[in-house]
Amino acid sequence: MKVDATMAQIDHMAQRITALGLTPQVIHGKHQTVIAALGQERAGLTEVLEPGEGVEKVLPIMAPYKRASSELTRERTVVKARGLEVGGTRVTVIAGPCSVESEEQIVVLARKLKDLGATGLRGGAFKPRTSPYSFQGHKELGLKMLATARAETGLAIVTEVMAPEHVPMVAEYADVLQIGARNMQNYQLLQAVGDSGKPALLKRGMSATLEEFLLAAEYILDRGNPHVMLCERGIRTYEDHTRFTLPLATVPYLHDKSHLPVVVDPSHGTGKSKLVIPMSRAAVAAGADALILEVHEDPEHAVSDGAQSITPAAFGQLMDQCRRIAAAVDRTL
Amino acid sequence: MKVDATMAQIDHMAQRITALGLTPQVIHGKHQTVIAALGQERAGLTEVLEPGEGVEKVLPIMAPYKRASSELTRERTVVKARGLEVGGTRVTVIAGPCSVESEEQIVVLARKLKDLGATGLRGGAFKPRTSPYSFQGHKELGLKMLATARAETGLAIVTEVMAPEHVPMVAEYADVLQIGARNMQNYQLLQAVGDSGKPALLKRGMSATLEEFLLAAEYILDRGNPHVMLCERGIRTYEDHTRFTLPLATVPYLHDKSHLPVVVDPSHGTGKSKLVIPMSRAAVAAGADALILEVHEDPEHAVSDGAQSITPAAFGQLMDQCRRIAAAVDRTL
Amino acid sequence: MKVDATMAQIDHMAQRITALGLTPQVIHGKHQTVIAALGQERAGLTEVLEPGEGVEKVLPIMAPYKRASSELTRERTVVKARGLEVGGTRVTVIAGPCSVESEEQIVVLARKLKDLGATGLRGGAFKPRTSPYSFQGHKELGLKMLATARAETGLAIVTEVMAPEHVPMVAEYADVLQIGARNMQNYQLLQAVGDSGKPALLKRGMSATLEEFLLAAEYILDRGNPHVMLCERGIRTYEDHTRFTLPLATVPYLHDKSHLPVVVDPSHGTGKSKLVIPMSRAAVAAGADALILEVHEDPEHAVSDGAQSITPAAFGQLMDQCRRIAAAVDRTL
Amino acid sequence: MKVDATMAQIDHMAQRITALGLTPQVIHGKHQTVIAALGQERAGLTEVLEPGEGVEKVLPIMAPYKRASSELTRERTVVKARGLEVGGTRVTVIAGPCSVESEEQIVVLARKLKDLGATGLRGGAFKPRTSPYSFQGHKELGLKMLATARAETGLAIVTEVMAPEHVPMVAEYADVLQIGARNMQNYQLLQAVGDSGKPALLKRGMSATLEEFLLAAEYILDRGNPHVMLCERGIRTYEDHTRFTLPLATVPYLHDKSHLPVVVDPSHGTGKSKLVIPMSRAAVAAGADALILEVHEDPEHAVSDGAQSITPAAFGQLMDQCRRIAAAVDRTL
């Protein structure tokens, strides 16, 4: 309560807390009075109580994400999709082009990636683009190309779904449904992916707090789909030498607060191919359960995201280096 | 095209542009005709097009948002929806509760707002909420309550639509479709709103650049819907004393770069009711074409956003003060 | 305390609180225990208590800036320096070039500014520059030029001091000592300015919270110098269309939390001359007590900050427009 | 200059550069001589200089930090201070308490750190504090305690200097002068540290771009002091679960742009002791040349920064884990 809150205001707020099904406990200090509201925390209480007369501020204590939280579910989740397994001892690598460009492109590349150690194949069939005039992806045709690449290699397919009405179609071809950063708070989409029961790779919104991120995961979990991977892909800050700022402290922090596995995307997280290898090493050292990487045969001619794509040759070096780091943290890759 | 270009020459150039894989947009001015070539900008186009008969010059337009840009469309857009008119001399005020709570609530409040000078009524029927456990709105029932309030007062209804499949239903009741900050880059939704032809109020994403904001507007405009209002509602920064940081330089900047009207939301932009009146004054002084405000009879008991809602009494003061500011910039309110 | 905190941990923390001269009050909830620590708040308590075993988090309640706070000093401070008066009914305008370039430049310009209504003259003699190879200012010679301009016009001189050892020299010539954004947490400098007793204009650091800003003011106030003006000059965010983001909610927020007057700098706050006039209007509408503006006879040839400087002609328009806004908020200018 | 340029030609061009108001820096390579022209870049210089006799070509160097840049100085800098060596194959560890609290504390801790593998001892004698009411350090007494700890252990002393006038005193006791994040653009301080010739550890400002960071280093280098270490310590963003956001892409980026060694501070960079070990591993994996860490016997009772300090036991684990990571990137620790 404020320094000059009246007794009537304090009593009034205590009664409001009771009316909300909570137990008020009034603490009179020398300068100020604090009212503790005990009971089941639920979202929205702060905004309900804060406008009260005489209230200085409302401070919540417990995590509002119950299903994603490690407070209630202590066993770590391992998400499995075909050969892909994320959250166990092995650090998993998902790689592929930004966009699926042609069947030949994706099949040839998939074979190389498989040989170099990838277990998942990424590739965009539906592309969210800032401009309506940019290439929007090959859509279902692209999904079919991915399915062909899977048939040839056995790699699990990870691809983005952008709208609730596309979920059934994308789920038919994909092994993992990716929800992009721009859609992290597209709640209809989260629910549709939740309803599909398919493994989901949820990317952090570019200005989402980790609480918002976990609450977005909660939307999927709440529909009975426990197969959720959290993906750190960089946040928007004032920094201008990289496309985004990749905050790796996210990895151990999420591992502490949640039982869900954590994936890191150093390609979007830096936007510069030169930085992808060192940041992949760092992600594995920080404890990442998987990496998702943009690889292109010829980054200069990629239809999208060329600047941050690495070549298969560089991908091979990355795998070698990350394998050594994985061993240094008692994991394999 | 040259001042004396013939219709045949204009048609011919439009066909050439199409043949190059671009979309021509022919704009007939009083003295001259301009052909905008929409599509992926690429090197060499100038040399290819410039020798065409009747061509005055080819100007590569750096702004990637062609339809939203003031470079091609010099006349300012005025968006009209029932009694609401945004972009003219009058500064318009849209007000109402965060969520539509009950028919009585919304009708009683709408009458007061109307009496105090509002011309639009805002109110959420579909609510995007960070947590799946928060109140998600009364949905279609809420829309009906808004329609009742409109029938009683004549206020234009401004309400959020969250998913492409809801657009027809929301469009049936609403006068203006609001696209929330979290959905600014939900491209399916932007296209569906574009296709509806209904006036749209597009909120800036909380970490969107102004170029991304204008490109999101472009998605709506590109579907043939020119009735777009841009709404600055605050951005996410490191500041912790307000819910968001409200950057009013957005207003004159957008007015310079675009012909679309600019709305300011001081309620979300600050998150604190105490700051809403001074920031409303500042927004009008900066040149805002409209304000959108959260007003609640009893903010303490609002089901959402109570902390940033003002009372009808405070709204009355706000109107008085903003009216004086509007006069000081040669506008009415 | 954490959900799984033991009774021994709770007792231990209660004892630590007692040992720190505070009174612990233990509140047992269903899921969690909270310990309130009552008594005189002081800086550093959070960091002292947070590492305790079983502690979830420490939440401070009262403002740590005592002298700057409006909680204890309710009367608003008016800072006076020669003809300049900041914090009263009149909105004051301080204007001048980024750098003092020559005596003729500053004298001629000062006369025009005076005629157009300025009461303070700004101009850099010591220039903090990002690069060691940029012009660093005319130093004492520049101060003498400013003094000449003052002798000619009566305008109060506002100029930056960059190092504690320069304070006596700058104080000899200047009426107001400006502390730049980069030096907001240069504590030796704050103390030296405090010791000088001279009126101070303290600029907000480009990533300072308002609490840090007020605590920086506290360093000056704590040395017995009450003549402090707080200056909002824009913060660093991800926005790229302006040099900084100018958050005007700072003005009413600081007016609420502190008794010190608030100045706004729309020149640095936007970095674009086109935006200076509308943002000056907005600042006055938000309640700013003064504006500080960069004006240059020939911005294209200014030795520094040309892009954000306005001409004397534009300054005249700015004064006309802001005078009308000032009247609309019952002030003069 | 051309491969066969004469000394006379080189001297002549250096004089021409001086006459143009720039500072020539002559760099004699094995095969060729390069003359760097330091100063304000301006148009037309290339045309003026290129016709000079013996000139091979004139290259405008976009990087404004000439001395810090890897464009001119290709050999990596190794900074040496007593036993400390930063920038070579070995990853160096500097550890110690936030503040020097007592002679006993620092000596006992230094011995443990030395045994566990640290080669530098950090500890604050002068403490920059947000509030004037917080503990400001033991000042010269603290420096003497550090010197005692060095005498006992041989560890090199790294300690902060906050004001130009303190440089001689701090330089008398310290092996490395630390410039704190808040002082990164305190140019008088940078110059004083430059003049001292002592090894410097320059922390990145909490909202500095990497260009600003390198230009701050340039202020030290420009005074003839080449012994500069760059320290990434976290930046201010909207993230609220850590004290700062630690962007490790800084490490490979700076290694590419500059020849100076890069140090990482995971203690300030996260603000949470739990995150210090994984982020130390990640920093080494990203290529950091050194770590600087806050270690305290009893973080709960530290006078400052307890929340981010680790115990000597945790420090031992950190060393073990980082040694394995260092080996995985072909370095020692």
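Note that the chains take the letters A, B, C and D in the order they are written out, and that residue 1 is the start of every chain.
Keep in mind that, in the parts below, a contact is a pair of C-beta atoms (placed from the backbone, for glycine too) under 8 Å apart; a residue touches a chain by one contact, two chains touch by 3 or more.
What you see is a predicted model, and the numbers here were worked out from it, not measured in a lab.
Set side by side, the interfaces A-B and B-D show unequal numbers of C-beta pairs in contact, with more at A-B.
Centroid distances from chain A, each centroid being the mean of CA atoms, peak for C. Centre to centre, using the average C-alpha position, chain A and chain D are separated by 34 Å. Our note on geometry: chain A versus chain B, Cα centroid distance of 30 Å, whole angstroms.
Averaging C-alpha coordinates per chain places the centre of chain B 48 Å away from that of chain D.
Among the residues of chain C, those touching two or more other chains are numbered 207, 236-238, 240.
The part of chain D that touches chain A in the complex is made up of residues 207, 209-211, 235, 237-242, 245-249, 251-253, 256, 269-270, 272, 274-275, 278-279, 281-287, 321, 324-325, 327-329. Residues 236-238, 240 of chain D are the ones that touch chain B when the two sit in their complex. Touching chain A in their complex are the following residues of chain B: 38-40, 64-65, 128-135, 162-165, 182-183, 185-188, 206-207, 211-212, 215, 218-219, 222, 236, 273, 299-307, 309.
Per the touch definition, chain C reaches chain A in the complex via residues 3, 23, 25, 27, 29-32, 34, 36, 38-40, 56-57, 59, 61-62, 71, 236-238, 240.
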